[in-house]
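Listed next: structures, encoded as structure tokens.
Paired with chain B in one complex and with chain C in the other, chain A is shared by the two complexes that follow.
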Partner chain A sequence: MAKPTASPVRTGLVHLALIIYTLIALFPVFLTVINSFKDRSSIFRDPLGLPTPSTFSLIGYQTVLGQGDFVLYFQNSFIVTGVSIFFVLLFGAMAAFALSEYRFRGNTLMGLYLALGIMIPIRLGTVAILQGMVAAGLVNTLTALILVYTAQGLPLAVFILTEFMQTVSDDLKNAGRIDGLSEYSIFFRLVLPLVRPAMATVAVFTMIPIWNDLWFPLILAPSDATKTVTLGSQVFIGQFVTNWNAVLAALTLAIVPVLVLYLIFSRQLIRGITSGAVK
Partner chain B sequence: MSTVAEVSIDRAEDRHRRRWHILVFLAPALLVYTAVMILPLIETLRLSLFNVKDNQSIFVGFGNFQVLFGDPRWAASFWNALRNNFVFFLIHMLVQNPIGVALAALLSVPKLRFGAFYRTAMFLPTLLSFVIVGFIWKLILSPIWGVSPFLLDLVGLKSLFSPWLGKPGSALIAVSLISVWQYVGIPMMLIYAAMLNIPEEVLEAAECDGVTGWSQFWKIKLPLILPSIGIISILTFVGNFNAFDLVYTVQGALAGPDGATDILGTLLYRTFFGFQLQIGDKSMGATIATVMFLIILSGVCLYLFAIQRRMRRYQF
Partner chain C sequence: MKACGPVNQLIYEFESRNGNKTLGSLKIENIRKSFGQVDVLKGIDLEVKDGEFVIFVGPSGCGKSTLLRVIAGLEDATSGDILIDGKKVNNTPPAKRGIAMVFQTYALYPHLSVRDNMGLGLKQAGKPAYEIKERIGIASNMLSLGDYLERRPAELSGGQRQRVAIGRAIVREPQLFLFDEPLSNLDAALRVNTRIEIARLHRQLKATMIYVTHDQVEAMTLADKIVVLNRGRIEQVGSPMALYNSPQTVFVAGFIGSPQMNLIDATKLGQSGAKTIGIRPEHIQVSKTSGEWKGSVIHVEHLGADTIIYLQTDFGPLTVRLFGEHNYDVDGVLYATPDAGRTYRFDNEGQVIKA
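And now, the complex of A and B:
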């Protein structure tokens, strides 16, 4: 039976609608980036024009790099995000392995307990978290942020990785056991390499909220030495709010790493979402 | 069969001989999660029942809640924040999710070209931090820059422009729509995934029965993606009642103009952490956090017990 083919008009309308929304999604970002390369007067005279040789200016970037400690902020963000992801993946995979591989009393209950954090935001415990960090002397340290983000990322990581680990063949693990591998070697040498795609998905999901978070840096680590790039640009833009060149340049600098990472990982991320990793 | 038997014997031996490795695998995650997330959450709930008098913590029962709901110093801003939060959520449900469903339906048109490009582009705002999103829109909506009046002029609607973010009547709607712009990618992606999972045969059968186009969407696809819409609703609910960052970057901690965009997250921040002349109050902060916890918990429970159970799961 011949399938009814969509009429060209309908296909055209579908594309038109999608293009309009794509423009809505990209336009603000585009506008910010092009204007960050223009001098002040042309930012206002012709906001939509591309930078030309006569209007090109890097004055905003000079201000940002001269005034703000953006290199340090970037470094802090990289450390916090990187270390947190490492611990989320390691601890998450270990717990997921225990939950999916062994049958023990309280297994289901443990799974539910760890899954609680998917729905209940960690932010609600902030009052006591700050209190605890003060008591432990961790205020204004990156360690405080790493601890909080590790705890925040674990529930989803355990949940996703448990589902994936259930698909790893039992024969393989038992073959390893017969060969005399310890349970630890089975986990690190046999299972971990096999769930690498799932780990990548979890890493991307974990990374975005950590990199973008403003709440915990603001409350736990607002000192100059520990500002993350999100908090750093918030404070910087707040101070330079009338210096449009500097604000636009700071925004562009904050967008670029996300954009680069997104272009690298978008396939992974979108496949992760559409394959139902998050249910 | 013999291998299966051996395995189960092996497992049984496992259980008796070397059990403690299970603990080693579980311990790090359990420890961090419990110490940094669960215990502080419980402690926060406990703190909401105490207040500080003469530097001493005393048990006041539900006294803090009475103050929050009824005392003139607190009640007005609390009920204002709660109402705004519901409006914030309502706008997301009415704008973000329908647009997300519509985009997903368009993306799942069979043999669509450039589909991957559209998806990647439309999901980009979701990844940007609130700081970027907040300030970009603040600039765009600013009457000083004149981008929005200029764009409205292009479609002949220049007279409609006003400094929306600065007016008490429109500020909350403007902030909500900025948030919708940022997050529309999530419902779009989840619904798109659900639509991909609808088997070809079901749609072909519908076509044979003459159900195509719009009626196919309403009668076949929509019922099949209802579970996903349920999940999106609860994710939106939790996210909205926990929101803070966007309002903070766009309108500041005071959530101006005149508290028009104040939601529970910003109220919690000001109360607990203090802002300008207001001194931070731990007990009242914990009380607001507890109210937020109860709101989110009841939303999640409503979803789990009332909505998800009634929804038929279609198995293919």
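And now, the complex of A and C:
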């Protein structure tokens, strides 16, 4: 039996709604990208026009890359985002495993406590964090950013991963125990591969706010050696003059790594679904 | 799968190499298990001899799976002792107890091939590669899994997955095999085949096996000894026929046998000295003209070999099982007569009253 198909009108309307949403979501990105390839006057004269041979210009990219520091800024952003994601996934998954696997006193309370961070924005504690970092001598280091972002990402990671880990079959973990795997092996070799889709979801949710963040780099690590891309782009936005070519070029470049990481993780999302451990 | 020449040879090697190692006795002494306020096991004593096939059977929530997990070491008992081969293993981790377990959901490692699934436990135990290979060879031959060794579990059918799970248990050459409802995820035809296969394995390996199921047919067909559990206590231990022919309690009488034994309130039958009268459906004869109990036919089930008749009588419903084909009209009147000496009498505590 084929499953009943919805009427073409209905499917058409659903697609129309989704297409409109996609267009709205992509429009600012599209504007940023096309304008980054135009010269300054045509950006203002015809902001919606595609670059033509007469208006095409790479001046923005030349400015950005000519500044030299931008390679370093990219590197900083990569290090901060990458290391933070790694720690968020590692510690988040470990906490989630403990919460879902072991029965102990205060289990639920601990879970709620760890999830509390979802509701309270970490920026409320900026002053205290800054004081702490100053006291610890971590101001203007990437470590400071990594610590803050790890703390920021953990609550959601623990929350999502706990739910997923509860779906991993107990029998599988017990089979591992009977085969002599240690609890660490069970975690790393049996459970983690099975919750990979959830890990990818968490990675995407964690990555984007970190990569785009301006607040903490500005406050904790504004030195030239530790600037991230988002902070670095700000040099082109002046109080009186803004170098739009350079800003748009920098933003376009900043989109690329996120896009690549997203594609990697979304492939993981699909691959994780196709495993067949348990009937 | 037939046991042909080379396979017999392999089994011979398997047995001779292990000597007595595959044999293991189990002793359970006053095991109690509580989860918080809830007592799941309320003092279990049991002895299992070398090479016995013991089945734990009981309704859902009777504690049979918990007991198996306690034996495996996956749960700690609240109190009591577990002895495998005479040695106390209360504080021994599962991997060191000399056990292997087959799970209801197969619990194969999804990212490993069949070969690695079977070999993981041995690898963890630090066995040399040639021995692991040899043992996997023997087990996969016994279970006809030779062609599938490089496949992933996702590429196997349900029956093949269950065979891999059994193979993973065999390669460990355990003293004790533990089966946790291994057939309940298989379809009916496959269930019968796998049941025969498990029975054959038990004869070949001569290993001690403990098997948990809620299906009394599996219990009756496979077991040397059945342990009937109810609400965390052992109701009765005995061979399948002992349980069928002389149930010690009302619970066992009702649980073993299909269709269920008729359990009739003794006062309604006008009998004194007992609370409940039990009579199996197959031990009742019917007649259209005369008999001890009068009833009207509610429903008739034709199973080919059997005909099952549901009667409504003055003292409640009565099930009758007749062999062969019989035609009776619904709403017609029938007289039922129990076979002499085949009724059971139970007292107020549900214990059988010896005649």
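Simple rule for what comes next: the second predicted complex is superposed on the first by the 213 of 279 C-alpha atoms of A that agree within 3 Å, B and C clash if a C-alpha of one lies under 4 Å from a C-alpha of the other, contacts with A are read in each partner's own complex, and residues count from 1 in each chain.
Here is the rule we go by: a contact is a pair of C-beta atoms (placed from the backbone, for glycine too) under 8 Å apart; a residue touches a chain by one contact, two chains touch by 3 or more.
Just so we're clear, the structure is a prediction, and the values are computed from it rather than from any experiment.
Novice: Tell me which of chain B and chain C touches more residues of chain A.
Specialist: Counting contacted residues of chain A, the larger count belongs to B.
Novice: Using the touch definition from the top, say if A:177 reaches chain B (first), chain C (second), both or neither.
Specialist: It touches chain B and chain C both.
Novice: Which partner does A:194 reach: the first (chain B), the second (chain C), both, or neither?
Specialist: second
Novice: With the two structures laid over each other on chain A, which partner does A:36 touch: chain B (first), chain C (second), both, or neither?
Specialist: neither
Novice: With the two structures laid over each other on chain A, which partner does A:57 touch: chain B (first), chain C (second), both, or neither?
Specialist: Touch partners of A:57: none, neither chain B nor chain C.
Novice: Counting only touches as set out at the top, which of chain B and chain C does A:169 meet: first, second, both, neither?
Specialist: second
Novice: Considering only touches as defined above, state whether A:243 meets chain B (first), chain C (second), both or neither.
Specialist: neither
Novice: Name the contact category of A:206: first (chain B only), second (chain C only), both, or neither.
Specialist: neither
Novice: Who does A:14 touch here: chain B (first), chain C (second), both, or neither?
Specialist: First partner only, chain B.
Novice: So which positions on chain A get touched by both chain B and chain C?
Specialist: In the superposed arrangement, which is not itself an observed complex, chain A uses residues 174, 177, 274-276, 278-279 for both chain B and chain C.
Novice: Please name which positions on chain A make contact with chain B in the complex.
Specialist: Its residues touching chain B are 3-4, 6, 11, 14-15, 17-18, 21-22, 24-26, 28-29, 31-32, 43-44, 47-48, 87, 90-92, 94-95, 97-99, 102-104, 110, 114, 116-117, 119-129, 131-132, 147-148, 150-152, 154-155, 158, 170, 174, 177, 182-184, 187, 208, 211-215, 219, 230, 233-234, 237, 244, 247-248, 251, 254-255, 258-259, 262, 266, 269-270, 273-276, 278-279.
Novice: Residues of chain A touching chain C in their complex?
Specialist: For chain A paired with chain C, touching residues are 169, 171-172, 174-181, 189-190, 193-194, 274-279.
Novice: Mind listing the chain B positions that touch chain A in their complex?
Specialist: 7, 10-11, 14-15, 18-19, 21-22, 24-26, 28-30, 32-33, 35-44, 47, 99, 102-103, 106-107, 109-114, 116-125, 127-133, 135-137, 139-140, 144-147, 150, 181, 184, 189-190, 192-193, 196-197, 207, 212, 231, 234, 238, 242, 244-245, 248-249, 265, 268-269, 272-273, 282, 285-286, 289-290, 292-293, 296-297, 300
Novice: Residues of chain C touching chain A in their complex?
Specialist: For chain C paired with chain A, touching residues are 69, 72-74, 93-96, 99-101, 103-111, 120-121, 124-125, 152-154, 158, 161, 168, 172, 180, 185.
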